[in-house]
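Chain lettering (A, B, C and D) follows the sequence in which the chains are written, and residue indices restart at 1 in each chain.
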Amino acid sequence: MSLLRSLALVIGLLVVALGAGSVPAAAQNDTESLRPLINALADGKYKETEKQIGDLAATGNPVVAPALEALSDGDLYFRKSDKQVFITSKSGEGYALTDPLTLESAGEAGKREVSKIKVNNSLRRVIRSALGSLTLMAADPKVRKEAAEAVFKAKDPDAIEGLDTAIAKETNDEVRLVMEQARAAAVLNSDRSDGEKLEAVEVLSSMGNRDALSLLIGVRDSSTGDLQAAAATAVKRIEKTLALWDNAQNIWYGLSLGSVLLLAAIGLAITFGVMGVINMAHGEMVMIGAYVTFMVQEVIRNSAPGLFDYSLLIALPLAFLVSGAIGVGIERGIIRWLYGRPLETLLATWGLSLILQQAVRSLFGPTNREVGNPDWMSGAFEIGQMTVTYNRMWIIFFALAVFAGLMLVLKKTPFGLYTRAVTQNRRMAASMGIRTPWIDALTFGLGSGIAGIAGVALSQIDNVSPNLGQGYIIDSFMVVVFGGVGNLWGTLVGAMTLGVVNKFLEPYAGAVLGKIFVLVFIILFIQKRPRGLFALKGRAVEA
Amino acid sequence: MKTKLTGLALAGLMASNMFSGAYAADDTIKVGILHSLSGTMAISETTLKDAMLMLIDEQNKKGGLLGKKLEAVVVDPASDWPLFAEKARELIEVDKVSAVFGCWTSVSRKSVLPVFEELNSILFYPVQYEGEESQRNVFYTGAAPNQQAIPAVDYLMENEGVERWVLAGTDYVYPRTTNKILEAYLKAKGVAEEDIMINYTPFGHSDWQTIVSDIKAFGSAGKKTAVVSTINGDANVPFYKELGNQGIKAEDIPVVAFSVGEEELAGLDTGPLVGHLAAWNYFESADTDANAQFIDTWHAFIKDDKRVTNDPMEAHYIGFNMWVKAVEKAGTTDPDAVIDALVGVSVPNLTGGYSAMMPNHHITKPVLIGEIQADGQFETVWETSGLVPGDAWSDYLEGSKDLISDWRAPLSCGNFNTATGKCGGSGS
Amino acid sequence: MMTSFLFRALDARAGLFLIILLALTVAIPASNLLLPETSPLHVPTYAVTLMGKYLTYALLALSVDLVWGYCGILSLGHGAFFALGGYAMGMYLMRQIGSRGVYGDPLLPDFMVFLNWKELPWYWYGFDMFPFAAIMVLFVPGLLAFVFGWFAFRSRVTGVYLSIITQALTYALLLAFFRNDMGFGGNNGLTDFKDILGFDVQADSTRAGLFIASGLALALCFLLCRALTRSKLGKVLVAVRDAESRTRFLGYRVEHYKLFVWTISAMMAGIAGALYVPQVGIINPGEFSPANSIEVVIWVAVGGRGTLIGPVIGAVLVNFAKTWFTAALPDIWLFALGGLFLGVTLFLPKGIVGTVSQGWSALRQRSASAAYEAGSDEPPGSPDAPADVSHKRASSDASPQPAE
Amino acid sequence: MSRQTSLLYLDGVSVSFDGFKALNDLSLVIAEGEMRAIIGPNGAGKTTMMDVITGKTRPDTGEVYFNGVVDLTGEDEAAIAELGIGRKFQKPTVFESHTVWDNLELALKAPRGPFATLFHVISGGEKKRIEDLLELIRLGDKRNELAANLSHGQKQWLEIGMLLAQDPKLLLVDEPAAGMTDAETAETAELLKDIAQTHSVVVVEHDMTFVRSLGVKVTVLHEGSVLAEGSLDHVSADERVVEVYLGR
């Protein structure tokens, strides 16, 4: 990702350079005059590096931007022999060198010939603000916006003039707004007049997010008179809106937690809810799904890195098939001997879950396996003052899609019809020519397969380790039972209810107590409705 | 009746098993390895078992110890704390091991403590812990709070100008104590009560949305904010994933962790986490010959070039070498002799210096602060100029500020009260 | 009345079991204390403690079997009562440490000192007295079971719903006891005990004493369960297990019966926990973990549900296997244990004792019917001395599984 | 007949499950010592009516009184059984893992509390009573058999025996002849008539021959309410009854 961004930046800069290239010779000279400044980076500790970055930024020449970007990413090295600084990228055993100013290739170097120029957080911060001021005039509005955001965070009074120029030239409204906000932040941090600061407070007040709040609180606590009053009013206003948004955020978090619970529980709603098998190995089916995702990504990483963004889509059917096949195997090998003895399925599947955990541990090792997030599962976007992370959002959609798909299969396909027939009246179904053993095996396979695809989704937010399944099994049973055994809608509503309740309790009670309260709530709720949320009524209950 | 027969057969089987250990060969020196290979802690502890096997293997290649081969006895306490005590007893009483290397969680150590005391054996404990303990039979090769937490906070204060602190941890004794110490320390440094937020989560917590957004909110009060994380192993991956996704950058709100090492990062895409920090006494990236050799040996032993090394492995490396040296010095594996011989032993560590065993059974270590890199390694950005001796009793806790520990004669006391001049805590 | 109640409990089979149990209870500590270590019959202290632990597990399994095997209440949360009993004992042992803790505080346990607690929380009062702690061992699990059961059985929560809320109960307690703010030592729990009733917990003689206490407790509770299950109350329980609503229509208040046996069972589990703690030397919230409770159910199933000897044998066998496997096959022992569970389920559906006694009575029936045909025998058993319930259950293939 | 003088009094009872009206404004009165047969097609509400009387199902509306004064809608199954209403189920439900003897002993009228049963020792009188019942239901030689091993008809009889052991004032008997041979059916009818000498009985039955052999007043249920009442001949002549039974 950062590679992509730096590439965009480089292209943007090249465009700037070309656009400004009316006097190429002079530019060339300018560029070369920067070289000593850049090579100076090879020497010195963090404190000195910080100064050197300041010097580079002070030139105001965008040509130094790629070098700074590389420094921030840890790609800037110097050659030990002559202390020349290069942008590097891995190439075989050594590094490919790029000239930091001309961006032309400068040959290769072995691992031991070059040395990295170290950076730490505070340096990265300095670089970010330096880059911000340097790229305010870039051609790509995206780069300009990012630059303005960086300047906003830096709150550097020296950037005000640059911002003024940039704002005057800016054609894109969105970018200009960000620039104005950045200017306001810088003004508040400067020793400009209170009048100007009051305007700045106004700008930030309408910005209305946490960043603005953070700045305004600073102003409120350090100023006097009108300015303080204005800041205080703005702070109050923002806090009020944020409090409202907090509720929306809690609901969102609750739905997100609920969707995770739903994914974890929905396979169990079939194997346990519909078939009555107390399936303690359910969690392991989820775990196997996650490991399938790991395997798929491993293959992709080694042989087709370009497909990485599609890895989850490839993993989904595979996880379904692998977990489903294992499920069918379990049903044929073990469960089918135990129908009519539901409690013994508990014993057998518990044994099975131990075996599966150990098998995965022996095969893949006990440590966490890395399952990466594709680009579209990473990061977040904002709705108003609410942060929505992509992975959570996709998981909510995915959980609902799985639920809908499953409903469709059970209600609209012959297989679903047979399944319902068999679970309701096995003998009758058999006498009508339905091959009940196959339906049993396939239903169990379906439940396990769905657990497998849940594993694909959970691999995106949790550890992929042999313990993955154990973390979800109890919650899954709670959800199915709370919703009402045998009712898929109950599972959906149950999962979402528990998720939202949990997330509303958490800010007040803390994560631990919140969870305890949810459990107590389940216990009490079952007293009120001994057969769950969506209980079957009437004579059917006795059947 | 059959039941009777079953019962008798069972008893017989049991007895035969119990005794079998006693007849084992006597021409080896046995070393017990007490790390969970299954259950929740297997994820961290299995690596240490392998590291120990490697160290023992290497020592045997060098000709063993006192002319005998070393023999590893591996048991699986299965992340079940009472089972740790049972297995420790089995190792010492049945297998007659000379020393035990093991435990990870505080509770497992607490569980085996009385056993080691009763049967007078030796335990090497390789993990950073909360301190407040010094036992004659235990040697603490991991970091005490003053070797990890306090330097990390100092670093953040001085180099990053942090003024507002989130102390986030898993709700158990190590984070609780560490945070207590840090809270006292921060207040002593003039940090106001409202600038400290303390948050605890259950083990294996996986839904971090609320807490991360709380941290974000806490961080928007106009002061530079940092998170000090004592979140336990397993919960870290989802925590960091959430941090990355919610866009908390190290440049804005750095997170410094005490339980996140190379092993934990191996399960993560560290791209979005670059710049977050960890405080340890060893990083795999340490640029020394001893470390390069250690890593090569490890890769050869485990037959996987991608496996990382981490701080507790180094602690076992140091502890094992100390034990070897002490046994050679004492000329016997007799626990009393070895315990006495251990104090003062100094062996090279992997970061280019020497670590020595202190009279309080803690060791001297350098403290390193590292930043997470995109390749899953840490880059040392700061380190103590010298070695820091482990302090068993924190100076920042009321109950323990007067206590010291010195197991040398004549004091020979783990909780000597300097105020009252008596051994046995602060009360009597 | 009481004597006849207890007398009823004894028949040849139960008597034999008790004799073996009591013999072991005496012989093992005696061999440990009296025989020299070189003697081939010497039982090492390690083994005494280990077997003492098995006995407490057996008692816990017995308590689960009483509600599950005889009343059809599948508890997936009995570990909670066990742990509560254990905590009550642990609190007593903590208070006994007195000023011998590392901080030497005469009143506060170490973990409170180091978390800067200033005074003892009110619920720790009284635990310095053994009789009080002993009462609490029964009272706390009993009260929790009573309250929980009173609500659950009155609301007619049955089957998996009940099982899952028992699991929720123990899970909630697990989380609660994890919290350091609760004042029970958080995840570390209570440990580093010094002495019990004035005896050093690490002394061989104390360990032998605890072993004997565990054996006696198991024997007594076995007798009690035996008496309960063979009384008319026991018949009502089995009736409830097999056809709950039919029992109601006969006029029995099923919820009272369930509550009664549930509370007794919880108290037995509490005793088991109290005896367990001084022998293993630690009690911590891990004991509340739902997985532990599920394991107890598995011990019962392996041994034979609905028989009283079964759970004892199951608990000892499975835990022995665990001890053995974790040392002999540390890397793959879960395969062995998981395989054992699978094997028992598939091939010994009635558990070990159930299968054995089924085979036994089939054999006896064959010889009995041969004798009957010869016209020399009356049908076995008579109404005055009804044969063992479990025995009969096991002897019939058609015996229905209780509705879950 | 007024509520006060009746043994069982149902007035305006309605029950619905998820919109389906199982009972619809049902009214029924049974007098002390009366034997009543209730017939009706499947789904007429016979079993639901039994459920309402025995406390298993709470009516949505309506009154149910026993002995003229006791409001049954406020009581649970156990209390109602203790009041003296015994019920035999459609599908014979006996305690299969108990012996015939134990089944009867459990049903025998005696204190029902847990502590009473815990210390209960069977008395001579109780033994005699059980012996008598065994005689009556002709299972004397099966006393030590497990109930699970009985034939279907024997289970029906055992359940009737258990009903009698309870010594209730009112017996609710749901399809006692189901699954019996003709001879068994006739014997069952005789048995019920014997019982009716000393108890009030409500019999629900499909088998018209059986109902005829009882020779008692008949109530016809249809769609949850009473369609007709009177002697069997009387109701058989009712056009609506004929239509309900045959008209579909």
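By our rule, a residue touches a chain if its C-beta (ideal position, glycine included) is under 8 Å from a C-beta of that chain, and two chains touch if they have at least 3 such contacts.
Protein identities per chain, from UniProt: A = Urea ABC transporter permease subunit UrtB; B = Urea ABC transporter substrate-binding protein; C = Urea ABC transporter permease subunit UrtC; D = Urea ABC transporter ATP-binding protein UrtD.
Here the structure is a predicted model, which means the values were calculated and not measured.
When the C-beta pairs in contact are tallied for B-C and for C-D, the bigger tally goes to B-C.
Comparing mean CA positions across the assembly, the chain most remote from subunit D is B. Separating the centre of subunit A from that of subunit D, both taken as means of CA atoms, is a distance of 65 Å. A straight line joining the Cα centres of subunit B and subunit C is 36 Å long. Chain centres here are Cα averages; for subunit C and subunit D they lie 42 Å apart. With each centre defined as the average position of its C-alpha atoms, the distance from subunit A to subunit B rounds to 31 Å. In subunit B, the residues that touch at least two other chains are 37-38, 171, 200, 202.
Within subunit C, contacts with two or more other chains are made by residues 175, 178-179, 331, 334.
Contact with two or more other chains is made by residues 357-358, 470, 512, 515 of subunit A. Against subunit C, the residues of subunit A that register as touching in their complex are 278, 280, 334, 337-338, 340-344, 346-348, 350-355, 357-359, 362, 470, 474, 477-478, 481, 485, 512-513, 515-516, 519-520, 522-523, 526-528, 530-532. Per the touch definition, subunit A reaches subunit B in the complex via residues 1-2, 46, 73-74, 118, 120-122, 124-125, 128, 153, 210-211, 213-218, 221, 242, 249-250, 253, 256-257, 260, 357-358, 361, 365-370, 372-373, 378-380, 387, 389-392, 460-467, 470-471, 503, 506-507, 510-512, 515. Residue ranges on subunit B touching subunit C, taken from their complex, read 1-4, 6-8, 10-11, 13-15, 17-19, 37-38, 74-78, 80-83, 85-87, 89-90, 93-94, 105-107, 110-111, 113-115, 117-118, 132-133, 171-173, 176-177, 180, 200, 202-203, 397-400, 403, 414-415, 417, 424-428.
Contact residues of subunit C toward subunit B in the complex are 13, 16-17, 20, 24, 40, 43-47, 49-51, 53, 99-106, 111, 113-116, 175, 178-180, 186-189, 191-193, 202, 280-282, 284, 286-287, 309, 313, 316-317, 320, 323-324, 326-327, 330-331, 333-334, 352-353, 356-357, 359-360. Within the complex, the subunit D residues that touch subunit C are 54, 56, 76-78, 81-82, 86-87, 89, 93-99, 101-102, 105-107, 112-114, 117-122, 127, 130, 143-144, 146, 148-149, 162, 166.
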